[in-house]
């Protein structure tokens, strides 16, 4: 029916061929249906392509890898059912990212599983659930995070806002769950420290993935007289927020974590230029090697409905490969120890998996929408362009951790 | 002097503008077999519904053994010792005959809403059920699903459920309607036997049954009682003859 | 002030949309005693049909064609499904429509995928109509208002001025009487079911693009439409209308109010950091219709304007 | 009197009949449950069986309401969920070990669920059971939506999006079960399933159980044998809620998490479908439904994307053509085989079966081809080495011919039935 699925099929058929001989299995547990389905599919396709590349280059320690999708409908309980199913299918590595509520449940379940089934451990590679707690008080040896957490991203945003003297009033809107609450808390405390003169004129939390029409929320934002909005919204909640913002005709800038969510830029259209900002670990319009450009183009060609967005999916799988080859084993515990403190030369800089808390330290980039770009998004000619001084080095983005890691015995 | 078993005082019931029961006053003594007759649409069933608590009177009162029962819920009236049957068989069609009767027995034997003991644990319930079945000649059909019973047996079961609770005041609504002669005779026998020593109020169209059974007859026409007297007097009452003219003939003395 | 104006505008539009959905359900429920669980599924079908038709032709053709198609689907469902289970009573009918809702959702998922389709507002109407308090009001929402009012007038005309309408009206309050008047009751039922579904389909056509057209839209809308029918009262289109507007306004006003319980009940000394004190009125918005339903069923079971008790 | 005693025993079912009808099925049921671990099931099998156990208890509890009490509820997951939530909190209290909770084994958490679900049902039932039929169904729906939507406002009770999670491996051990591995949980599930199912069967034999059926069939008559039908409904509703809560407690221990979705219309609808497909007029119906649907949901989803469509179709067909469910079909066939004109019946069934199978083949090909066409992956439906694409005429022949032929056979059998004297 749709082009989107046609392309996905191409990838699936490749994976289907390889699955027969796959030795290392990864489960991708994220929404593949419902309002957040497109977010999940964009991530899934990234992992599929990354796995395909690794397999084409001889696999990992000579073994082929397979990524299989499990639809969790962004529901923690359903995720655990899928997790159980995945483990029963022989999966040893889990990818998940959409929804910190789900990530929290998976961390808990993986901890219990590994405690109860020694010798049968699984690792959880978190590629997008960024509640800071997971690499602080709630840290776990079995969990690795490949995306900067909310405090890190918020620090980048508030640093930028610190220099914008015309912003006097800020409105916070987010999804009502641990992630949205963490974003709001980070924004509040960091703004208070960096710009005590800024007034927070609204702090709104709306239900996750349930709002169909954000018009009343946008009207509240306009009525509040805000000069800027900060939001951690992702997926459909980001896209629909932008749809309502575009309809209202207001010109308030939005500082976001996930302005790159599918359809958000096209919802705003040209209104997004210099008004929609995002903090990410990479954007396609950074200077990069030809190899990276080729990858971006290959992704777009294979999955025309999506854009190369989940750079961290490629990082995560490549880091797995590097760690497994360093350890000389594809088993979870050796891989986990090899990942700790490992440095990886990624296309846009150097990334380090901090051993203390399993939080990847990497460069962050603040970007906004522009017409003058190499790669557009949402199949229009607008794309993300780095702000002047928008690059934050990994060292500058680093935040302290309170993690007290408990490790199993090293093999 | 003891209070009458049933006492209706100035009882009225209207549905919208239509007055179905109009100022009915009637005392029925304990142990009396009282029949209510009247042409179709006279309000006989409505009167039963008022007495048994299905309807609340528009005005007037109903007393059972001297206690006011108008406005009281039907199940409470039943617990006070009044039980009724229905014109259209109103049984538990999905249950067997035995289970139907047992349901009728339960409350009177203090089983309440118990859900911690088996329904068969009480010997008393079992015995009473059997007694009623035997009384109504339904023993050999005890395990037949009620819905599969022949019509006459369904009517007998209707009476069995009605008397199972051991009520002292029994209201029977056309118990023999639609029965053949021989079936009717059997039913009358059953009624006579089961209401021994009890107060019976019966609505019937079959005048043979009425005059055979009743100690006293009340004639209800357009919601009003136009006569209330022993059978012999009713037969001669010109008002009654007038009301029944062209409706159905009153049985002659010889019947 | 801004909040009030915004909430009024959005509330009335949303309310009229609800009425478009619930008028059909009220008709069906009152006449046939069938609580059509799948009613919102026809709303969803309307949106999807319109999406397909718009892709092939234009929105304006979809606006007329999609509701007609949905109405036909409804009539077929009544003729070959509902009528069959009718003999087994209302609970069986309710179960049938429940299963139907399930089935329609799955069929939609197979044909259109599990995620939302890109059903867009026609470009002709994609401009701001006017601006108040710094926010522009989209022309398409005004268009929805016009369609809804048009439907209202159309329905009124049909019921009050045509012979068929008189029969339907009679059947609304005295469902058993119609047969005695010598009318073909099954045909009337089928027609009413079809029209009811078509109205739901129309609501889908005009709302699918402003909200989201995805397989979950029926499940999301369904329960609210039930609320409208019960709160309005059985057999009363006027009641359904009042209830629709009431719920539309209630939800939109609630979303617009940021005050928390602690602010409202300050006199009780409720702490703003406590769990109850922290609840904001805007977060109550999704709960309000159901609260209204439960209270209504307990305290006024015949609804706002209903003639019979449920 | 001894005469009567003798007689009433004569009309009651004989000891042998009782054994055959009541004891034997349970003995077989228990024996199967006890023997399963000998087959050394895989972890997947365990997971599946645990899910079945939870749904068996939930579906039978639901059927106390729908089948035995005549109350159609669209929101029974509320009691399942509230019972389960209470168990999750209790599990965390046990982990904290404060007060008496320190000595409460997680094995007995379903009791807490029973209490929780029961209390919730007592409160909500106090007004919802005043009505029956469609109105009751609507109230149940409204209450469920209210509680589901309201759950997101009280994070300390329901945990918001994230839900409440816990660890079952706390508190004292009983029966030597650490409650960690799946095989330990199996015995926990077996214990509670057997206990709950027997208790719920026993309930049908109590005065209230009988009255519940009486009230379902004829609430008016119940009033005239001295019982208040509203009170009967309320009590039955409360007990049904309590057993649903017990199932929730089993689920809490199994998954160690509860999220607000557990209270929503989706699980409520699922249990309704389970009970109805199995057959609500039989005690074993919901058990069959729970086993079949759990199996379908976890296994069929691996074979076909459209399994929910098949499920929906099955439900609608059962509502339309076999309102007594799968149990009704099985018992119908059983009775028919042993009946007088078994040959005649068998012939008719053979025709019906053939017709049904033909239609099923056509339908499956249609659905599977449609699924692949809509996915747009260019895949073809390839059962048993055959090859069907949506463009080919062969495909359409394989769809239409069996559908038409099957439909014709079914009509034929249906007409015969009408002609046959009753």
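Chains: A, B, C and D, in written order; residue numbering restarts at 1 for each.
Definition applied: contacts are C-beta pairs under 8 Å (C-beta built on N, C-alpha and C of every residue); 3 or more make two chains touch, one makes a residue touch a chain.
Note that the coordinates shown come from a computational prediction; the quantities given were computed from them, not determined experimentally.
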Subunit A to subunit B, fewest steps along touching chains: 2
Chains in simultaneous contact with subunit A and subunit C: D
Chain pair with the higher count of C-beta pairs in contact (A-D, C-D): C-D
Maximum centroid distance from subunit B, chain identifier (CA atoms): A
Per-chain CA centroid nearest to the all-protein CA mean: D
Distance from subunit D to subunit C - Cα centre to Cα centre, in angstrom: 31
Whole-Å separation of chain centres (CA-atom averages), subunit A against subunit D: 39
Distance between the centres, which are taken as Cα means, of subunit C and subunit B, whole angstrom: 50
Computed distance of Cα centres, subunit D from subunit B, in Å: 43
Junction residues of subunit C, two or more chains touched: 109, 111-113, 283, 286
Residues of subunit B engaged with two or more neighbouring chains: none
Where subunit A touches two or more other chains at once, by residue number: 1-2, 5, 176, 207
Chains touching one another, given as label pairs in label order: A-C, A-D, B-D, C-D
Contact set on subunit D toward subunit B in their complex: 1, 4-5, 7-8, 11-13, 202-203, 205-211, 213-214, 217-218, 220-229, 231-232, 235, 239
Of subunit B, residues touching subunit D in the complex: 52-54, 73-75, 78-79, 83-84, 86, 90-95, 98-99, 102-104, 106-108, 111-120, 123, 126-127, 129-131, 133-134, 139, 142-143, 161-162, 164-165
Subunit C residues within the subunit A interface of the complex: 2-3, 6-7, 10, 109, 111-116, 128, 131, 133-136, 138, 210-212, 214-217, 220, 252, 255-256, 258, 282-283, 286
Touch list for subunit D against partner subunit A, complex: 42-44, 47, 152, 160-163, 165, 167, 169, 180-181, 255-259, 261-262, 298, 373-379
Residues of subunit C defined as touching subunit D within the complex: 33, 35, 81, 84-85, 88, 90-92, 94-96, 98-100, 102-103, 105-107, 109-113, 219, 223, 226-227, 230, 275, 279, 283-284, 286-287, 290-291, 293-294, 297-298, 301, 310
